[in-house]
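Here chain A shows up in two complexes: once beside chain B, once beside chain C.
Let's turn to the complex of A and B:
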């Protein structure tokens, strides 16, 4: 890394620490003020507000003295309820506070996702290089880290800015969060020290610990870097899930549980899993764009081969992580419904439901781009001619499923349009708008994508085992029966039985898809053991395929922004759902158009920063030639 | 999917039929399994038993 980027990193760390210091100071010192000012009631009436919690008081009788109750039940008397800020308690800065926090939070999350994900697969690639002895893996892993290093600084800058913005613009809310999470904030801050330490020793120690036992030390550093990064992520997730589904507090927001009970809310693990997988897919997509950028900007065959391989690996990581993502999302939404049906319906049955159609378009874009890249990549080897005839069928399945997925259920129609249509739903396409049809489409698209991936992997190999035909027959049977089973489950239980069976059948559909993926991996691993390998020509891929690698991060970024908006909006007018109301001027779900503009702005901003990141990574490898001395009598 | 002449055509046909029978049985069993673990039992003809 150059001196400039090191200085940027140091500055951003300083900014983050300063913000955390202000946050801790503000949060702990400001609590008394918050609770005296926010509720607008005296402390005695505060006690009355929380009195019904944990004791019974009969109407007309004298209130039971708090001390007596505490003595009998061993309760702590200092229960503090959530603040109730009025409109005037929110600073007015002339522009929407929510918009400011929205941009900063989203940028922090984008870069946070990137820098948490990249070290994860870098560690795996480095380990593969170590075990196989192939130095190309090591070089590529190091290059991935180089790209993301600037991202750590940018994450810290936006994280610090976000913390400052929140404390300035939402002081009561942040005061409450500081009170609820208490010393966890210090643990969070401490983890930054650890992550920074492991990051710099891991990156800068790469060449110093390259072989033998020292490589194990280096791999351990990478593991610890990931462990600290993941812990930071799950801690931060607990704040978001506490806001959506608070736990460890009573109905007025007073803390009644320990920190573990507060963190381990009903949505915590679904969010942890979903973000963990999504981050890897997102990270793979972004570094894939870097490889495409480098591939297109050079004519050197050796470099093109290197960046082609790098782009392939990135796409492999991105798509492989993306395959289970819809299932993790499904689990998250199921838990949202289980926690609060109202919240679930707000997300998928109300105003936000239309965004799931936009989500379908974006996921369709990702899958089509990912598949197109795999099909283009088949041209690297002559063995692919065996599988190319299948591509058109895969494309057909993908397009039909994509069209099914984007079919809306309830159309926004005028009275004359309803009359012309004969009702609010289209008589043929209407049934495609509900979940059973979507579930069929999603699962078939994932199976089709896995098939593309499998064919690509097979294209440079010829099986030599005697049971190859039987193995292929079994694989074909599994694909065909699984697809028929998914359609049967969706159609029969989705349209002809009750709702409970309809929802339950989606689990069996997911199971069928996973069986195909697992069976495909197992059978191919056994069948292509000691297989004859055909030559692959890295770098021999059409330039247009690289644009698919650009499409992936754009669609991923937009998708993350969109679904983040949905996740946050389901709280409606609450800072902390059912516990602390949002009384700010922005305490409403913004219109879809406004949200679309905001998400687009943030996406473009992120992509500009990513370009900056790529430029910095390039800059560090650029060396200015030494100026030639001017000799006497003219220019040398 | 790959060209391999280790097996005769008849054997390949038999393997294909067996593979489909196996896959059908496996997915039939999986449907029962995935529904029953959710407390949603099925009859032998896959209609809801609950």
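Let's turn to the complex of A and C:
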């Protein structure tokens, strides 16, 4: 075969593949055309029906006029309502389809959250290292990327498995979602190519672009990695929020808006913000566990100092992101109520209300662990003795608030116990069960945690400004006024007015907490500018403190699983709220015990996969020593 | 300097993590275990329903399928007026006379119905959507998704709200014809196998009546011929013989007719077949 003919053959093959690719890419458009023609089946003639497909002519008849084609092409597409599958339309695979999707979706979300969050704070840490010239930041940022790198593949594996499970187990629902979101799916898939490109160039180019202008190129790659990751997240969020509060469709689910109107439902931005912040808290907690493990595994003071610092930074990221999370959650729930009061009450006052007791246990665990770690960390600095007497009071406030938060409103009692108690509500503890008491508790816990954080930050510094005394007095006054305000608002509006005022007052409570946090940061930044620094000894922290860094990711993971269950369950028996009913055998809200078991399964699975991820990260740094040859006589 | 045992640390940290997970799991197991079931379509025997039954049905709908109780609770827990604790007759008079009232209702019944399908016609002061100065109601139209109560179900709730105040219940008990309309108008979410037959011929074919009964003669196949059944039995008797075929068995015949036939039929099908047979008088 000559070169020319080989080239021609090669070109033909290339052209064929290209045609196939184009056909696949635009296949849905072609199918729409056929469908549009099919919709007129009952009233149209054979010629009209076949004309738009391929302009075929029936043997022996006149050619089909062009007008018939253009008429069909020009027709407005028929509105297609959401499918109404019956129970028989859901494939039965012998085990609960919901359980399969639950596990896969949650694993995908856990790893998705982790790999979206880590590059975000890695970029910030890298930038700090670049600006300060402190190489330790750069090394740590690189290490954070290294340990989470396998997470990208694991996320993709679970994402693919989830998509497969959904298409197989919920074909009608997925068909409808594909119809509603159309080409957005292609954009979503395309973004993975971009994200992968930036991920690999960012990670593997770290040392190649370490200094000078090249560092700016590297930081830009990191920024683009985060931008593509964030876009992927908000696109995927739009599917979840469309299922909760559909927009861009009419009341029977037919698409009447464009893709932007479909995506921008009332809950989209609240979920975007909530997930963005929660991902950072979650990511910080997970890498903190890695640092804690490495800290405990070595006695080398240098390594211990490094991993102590890494653990501290992770905890700092986790808790700092966690503090505003309740406010983002509050906005989300406010939007849920505004969209559908019924949905809001299903979550907060109906069948799912008990879950918030578990949420209280989890958030209480997170706050107690975070505080305990900060208090333990004070042992690193000599200046901390000034603040240590305050710790017992902070601990007291935290414990009292935690107990208030977990006090249930209605007690589960036997008939004799009810008689003994005089009702299902305890006459003293009963009032602690309702929301106003919880609002007071959670705000005070946040303020106490911020105080621990502030004291820790101050413990290695001595202010040198002349107004230090006045500044401290102002800060104490802000703390006291805010706490009194939170308690007053909660008690007065919570117990002596109706529900509308009760809900309104919680905004002012949250405002008080934010004032403390913002004022604390501003005053301290000004007061400790050019402050005298006291010696600090990284690595000098008790081993037991590291268990707080394990408690955090476990509680965060469990909390994410729990809140995901609530978010999904508020739709009750709807795939897409109000427009597509769920008629599958699993269309009920399972008991909280069942949900607890499912969440534990996914948490343990996540733990195992994270261990694998860490192991892989360490494996890359392990080098087998060269075997020493053994001579025939047995002597090396 | 010797490193500590990694395996030991691993065992400790995994053990600690699993223990903590177990604590969270146990917390969920200590709480009440309630399932949130999807609404189940209930079959109600309209032929024997009394007004008392209808009122009880209304209360059940108020507390369950209608989800009214989620908001209409006694203060301070409610998010909407406590309609169960108010006298609706007195309250209706006040509201209809209020200048802010935008509806067309004339009495308690029509006001309650209007409030359910178009709650914005009158927003009770202090209970409007936040930021709207009581011009927009936060209540959903309950004949629309996600609640989707039927006309008959809303009537039952009105009956309940009237009865609990001791005032005259003005709504009418639902007739089978009305129920048939509801069935016919129901969304096509029901499985195809249970879709109501459109004509009497379809209904007779669907339940294979002609397999045992001749419709055109008095000839006995398995059961008696039905060409003159309308002359022999009243409409009520025909209905009863379908609903409970073994209550009265024609002389000389064995009880062979399926006892669950009526349970499989829709109200519309039953009424079509009864009417068709009642007209057979030759």
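The rule is short, and it goes like this: the second predicted complex is superposed on the first by the 556 of 636 C-alpha atoms of A that agree within 3 Å, B and C clash if a C-alpha of one lies under 4 Å from a C-alpha of the other, contacts with A are read in each partner's own complex, and residues count from 1 in each chain.
Rule of thumb we're sticking to: a contact is a pair of C-beta atoms (placed from the backbone, for glycine too) under 8 Å apart; a residue touches a chain by one contact, two chains touch by 3 or more.
The model shown is predicted, which means the values in this text are computed figures rather than measured ones.
When both complexes are overlaid on chain A, the residue A:590 reaches chain C alone and has no touch with chain B.
By the touch criterion defined above, A:296 lies against chain C but remains apart from chain B after alignment on the C-alpha atoms of chain A. In the overlay built on the shared chain, the residue A:342 is in contact with chain C alone; chain B does not reach it. Once chain A of one complex is fitted onto chain A of the other, the partner contacts of A:497 extend to both chain B and chain C. Of the two partner chains placed by the overlay, neither chain B nor chain C lies in contact with A:105.
Legend: residue contacts after superposition of the two complexes on their common chain; A:86 is shown touching chain C, with no touch to chain B.
Touch criterion met: A:354 reaches chain C, while chain B stays clear of it.
Shared-chain residue A:515: touches chain B; no touch with chain C. By the touch criterion stated above, A:560 is placed in contact with neither chain B nor chain C. According to the touch criterion, the shared surface of chain A, contacted by chain B in one complex and chain C in the other, consists of residues 497-498, 500, 504.
Here chain A touches chain C in the complex through residues 84, 86-88, 251, 289, 292-293, 296-300, 338, 340-342, 345-346, 349-352, 354, 357-358, 361-362, 365, 408, 412, 495, 497-500, 502, 504, 547, 550-551, 554-555, 558, 569, 572-574, 577-579, 581-583, 587-593, 595-597, 599-600, 603-604, 607, 611, going by the rule given at the top.
On chain C, the positions that touch chain A within their shared complex are 1-4, 6, 9-10, 12-14, 16-18, 20-25, 27-29, 31-39, 67, 70-71, 75-79, 126-127, 129-130, 138-140, 144-147, 187-192. Residue ranges of chain A in contact with chain B, taken from their complex: 386-387, 458, 462-463, 466-470, 472-478, 480-482, 485, 489, 492-493, 497-498, 500-501, 504-505, 507-508, 511-512, 515.
On the chain B side of its complex with chain A, the touching residues are 1-4, 6-7, 11-12, 15-16, 18-20, 22-24, 26-27, 30-31, 33-35, 38, 40, 46-48, 50.
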